[in-house]
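Before we start, here is the structure in question, set down as structure tokens.
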């Protein structure tokens, strides 16, 4: 029995609100249960220096949590003067995942920056960020086509992300905070809508996990991710 | 005629949503028209070093804008590695204003930190922050009394803040972005519900302003602030 | 009775020494009683990036206190690795005030940087800085004309600044440290020599202040500022 | 055919030199072919603040590359003033992995810091670091027992790490730089000597990878890791 | 013939003004010709952590130049966010030199910080700083005795510093800026009043220098330093 | 009798290993007894901004110690976010010394960066760095000629560096850590192979030193440096 009362493979209710703020080319509020993230996609001309002159675009991401998105207040990274290792790790993951969804050569020398700001956290903030960021990215690409900035759709496939884990010896999906903090293993899976893998990051928090448990987590992840793709489609329709 | 179509003294519709996020002791979403700020008040035991041993509490504030709260994306301060001068100036103003609303000696050696995070900006983000922060502060104080952390109510009076300015020679209230960027003078007024002044900050952006114009702005500010106190009362009732 | 023994409206003796150091295009030592600030104006070709191509000039300012300008030693900001909020706030105020004194379009694409370094502090360092910086600015502009860098005088009017406050219920002018630390309200007023306002920044340190007290402080400020303009004129003659 | 001429599952020659430098409690030079990393384990009394009073120890790690460990010179992180995201990510991985090898409650309130400094890089620096760090850790633990700092051996099992990837559609082990930069997928696997998993981090650099390819990589990783455990045993015997 | 018109061994006029500012326990303005440095000595209870519990005192120093102390404006270190290598090198030299003048065990667990702030630079700022700092130090020690903080005089001997160099093949003393920038070799010598050496730092800026030239510079330095000790004595009498 | 058992003028065994790592244009491991430093010289096109357009090259250096190069672990500078004063001082010394060995006008607009990374420290790390860096520099220059980047050899003369000191009243050469920490005076001498001086930096750590002692140290330094030039020649032959 999970602390959340959910079945092993049951994910939380997912809500995706587009045009959540008014300025960004793509703006999404995504909710995985009590986890809430604002994903804003910004389109800007030009690319970072290391990409210049190749005729290709770039996608990057930044991630942050409001200081009181969590049970106790965390120090604001801007006040501490640097982004922590966890933040850098997550925003690198979001950006890599989004780049894997897009044909950068169709994007032209433009940059899309997706800001994922967690306003309330209850586990799975990085997977909610990726899943919501992909919807914001789609809106930004639509904006670019409508403005004539790009001629074709660079999107290769939707992507989504889900956390899975081993909790009391069984694989469970979409861990909330209380489950996450008690899980033996925590794994994040980023997948395309065609069932191909973009990222797999599994970490033994307590006991090591077996090769069989890895397979169980992968199976349960795939099922949950398919539900996330449905939620994305619904939001975009 | 104002760009916003409002009369000179007309403020924007104000919406105050309490318990906007679930973890903070006080959590408010305040909207002045299209300006939207999340104000989260956190209660923590202890005070900063320079306050220790006096038996008094402390109130501090932090302010930030999501990178895409504005028309174009601003660099994230956490990524740049420091908070800008404007940010520091605003959060010092918010904190000073809140401290003027509270009897710190009743607060005990506890600290309340109010985080004001602008998720959408259309002028007046600092005044909306102060006005919303005061409501979040009240909820945090109520929480403290219900938990027995404090015995009496340290609130001396509600405070609220409003921007006023000189636009095409006339005083107007609650400037939105298009008005703010065209105004000759911009002034922020923080007042108590009893009509006493906490802060007055007037700046000639273009032409200097006269002593008479200062008085006109003060008059129009007072009227608008009284409406803000009504909105706070309604939200807290 | 003021701690300083002065009458309510009496300002401290003001001394302005031009050409205080030998390298700067304008170099002034200004003294408001025991408050002593070196104001050095530097002329440089070019403007910051955001101003390029507009044919206009720029004026900026930096402010600092020697670590032992005060009763006890403050940590050196260069050693701490960042400028504090108070420093940034003051140097933004100085720069805004100076820009309001000058027609930037006559300045050409040149930048004037005014460094205000407090060597001894006894209250009113920011108002002394502004008042002295304006004299250094005039010398720098004269230098520019003599070198043929500019054709006309961009100065629109002299500016000066004075602190006023409410001390034991009465408005007083030009607070020294002991008065400042005991005052209920502290206000800084930046004015043009023609009696128009550039900046008004009033803060209730203890009790809030009334609209009437605001007016009293403004009246007393105006009188004192007129004496400062006399001191500037004398120095420049 | 791999660029390195190796078979798909063939790992590079592994050399482990203990007591490589003279000051550290454990000091190892590990070589995976041309990749060379110095792993120094330092024993210090006390634990970080968040661990105090629990009677348990702590293990942490730092990672760096000499500026010219690579084909072209990278900027020195100490000179740039911060560690990059890649560095933080890797040192967090090393530390998590090492902590999974040790029973921290037997370690007492002591901290072991393992510094992994890459002096020459040719792919797989993080996996070489983990594999070498575990040997340095063993020497540090032996030192602690010989000095009577700990009474029992806190080591639960050896750990080692190996990179695997998909290169031209096939799974290969222990990628060197030329293979790594051409691989479609790159995966790092950290395992215990008993064949249990500590970390699995797979990333699609080019094309996404299938669930079957994940399994192939895991199989080939396990075989290579078993060879690394042999190399560790040999070095420690 | 020197650019300054001085003879090879002639130093510039030296002026030492004590009690230059009013707050510091020792405050000196020292002038070596056009080089002007404020040296403020601050006495504080306690010592840095690495000195605690030894019953000994500590002396440290900080050095800075006002941005426009020089011909062209240098960026303010506080604004750049760090002290440069030259600054750190100089303040380490000043502090080491001062510590060599004092018996730290007589100082008790107190710290003296000497701030050397260059307000006008014309070569030799570090040697003027050391020479002036020693006078400020003496005043601070006198203050400590008068307050009963120390029982005996910890001063072992006065110290002073002088720059010498090789200019067009000859040794010269106390280089001004134009001489310094054209000299082949620049050397700073810190000496006690009894003619013993504290620091010798010689650098070939252009051509290497011979062992004989080293001796010539040392001879000329000694003579000039003796004049500096006279100036110190005069100021302190 | 020296703690090391060596005679006063006896230097430690010197080992110079070229091509120590495989990527750098010049790569040297230099050992002065137990002090071991990797010196990597990197050739890059272009020069820093302040050198542009003069047709001359530039040589710079960076210095670091592995955290556990020393008896106890030092904090990693990259993690602390800045390089310490000692580091900056040493790398400025190394760079100045190397530039004195080369005719920059023959180098063309190219930059050579020499990274000196101490992997094991036992006194004299800066002198070993300079001595090894010069050999790495020679290899980098040879590389440049072989690639046709430069037409002539810009090397004016070899340079080397040695530490000397006053230990129990006598001058000794090449101090190891135990000698260095007990020495009254520590001096570093950088010399050309033709016996001309580049840098002389003597510091009284305990008692001041006399003019005679300075001469004794210089004499003993010269003898030791001649041995270092032999070791360099041997390595390069």
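Each chain gets a letter, A, B, C, D, E and F, in the order it is written, and its residues are counted from 1.
Simple rule for what comes next: a contact is a pair of C-beta atoms (placed from the backbone, for glycine too) under 8 Å apart; a residue touches a chain by one contact, two chains touch by 3 or more.
Bear in mind that the values here come from a model prediction, so they are computed numbers and not experimental data.
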{"item": "Topological distance between chain C and chain D, in contact steps", "value": "3"}
{"item": "Between chain F and chain B, distance of the C-alpha-averaged centres to the nearest whole Å", "value": "59"}
{"item": "Intercentroid distance (Cα basis), chain C paired with chain A, Å", "value": "50"}
{"item": "Residues of chain F engaged with two or more neighbouring chains", "value": "81-82"}
{"item": "Direction chain D, origin chain A - full chain order round the ring", "value": "A, D, F, E, C, B"}
{"item": "Complex interface listing, chain B residues touching chain C", "value": "82, 84-86, 88-89, 91-92, 96, 100, 187, 191-192, 195-204, 207-211, 213-215, 218, 222"}
{"item": "Residue ranges of chain C touching chain E (in the complex, touch as defined)", "value": "21-24, 27, 34, 36, 38, 40, 42, 44, 62, 64, 66-73, 76-79, 81-83, 87, 113, 115, 117, 119-120"}
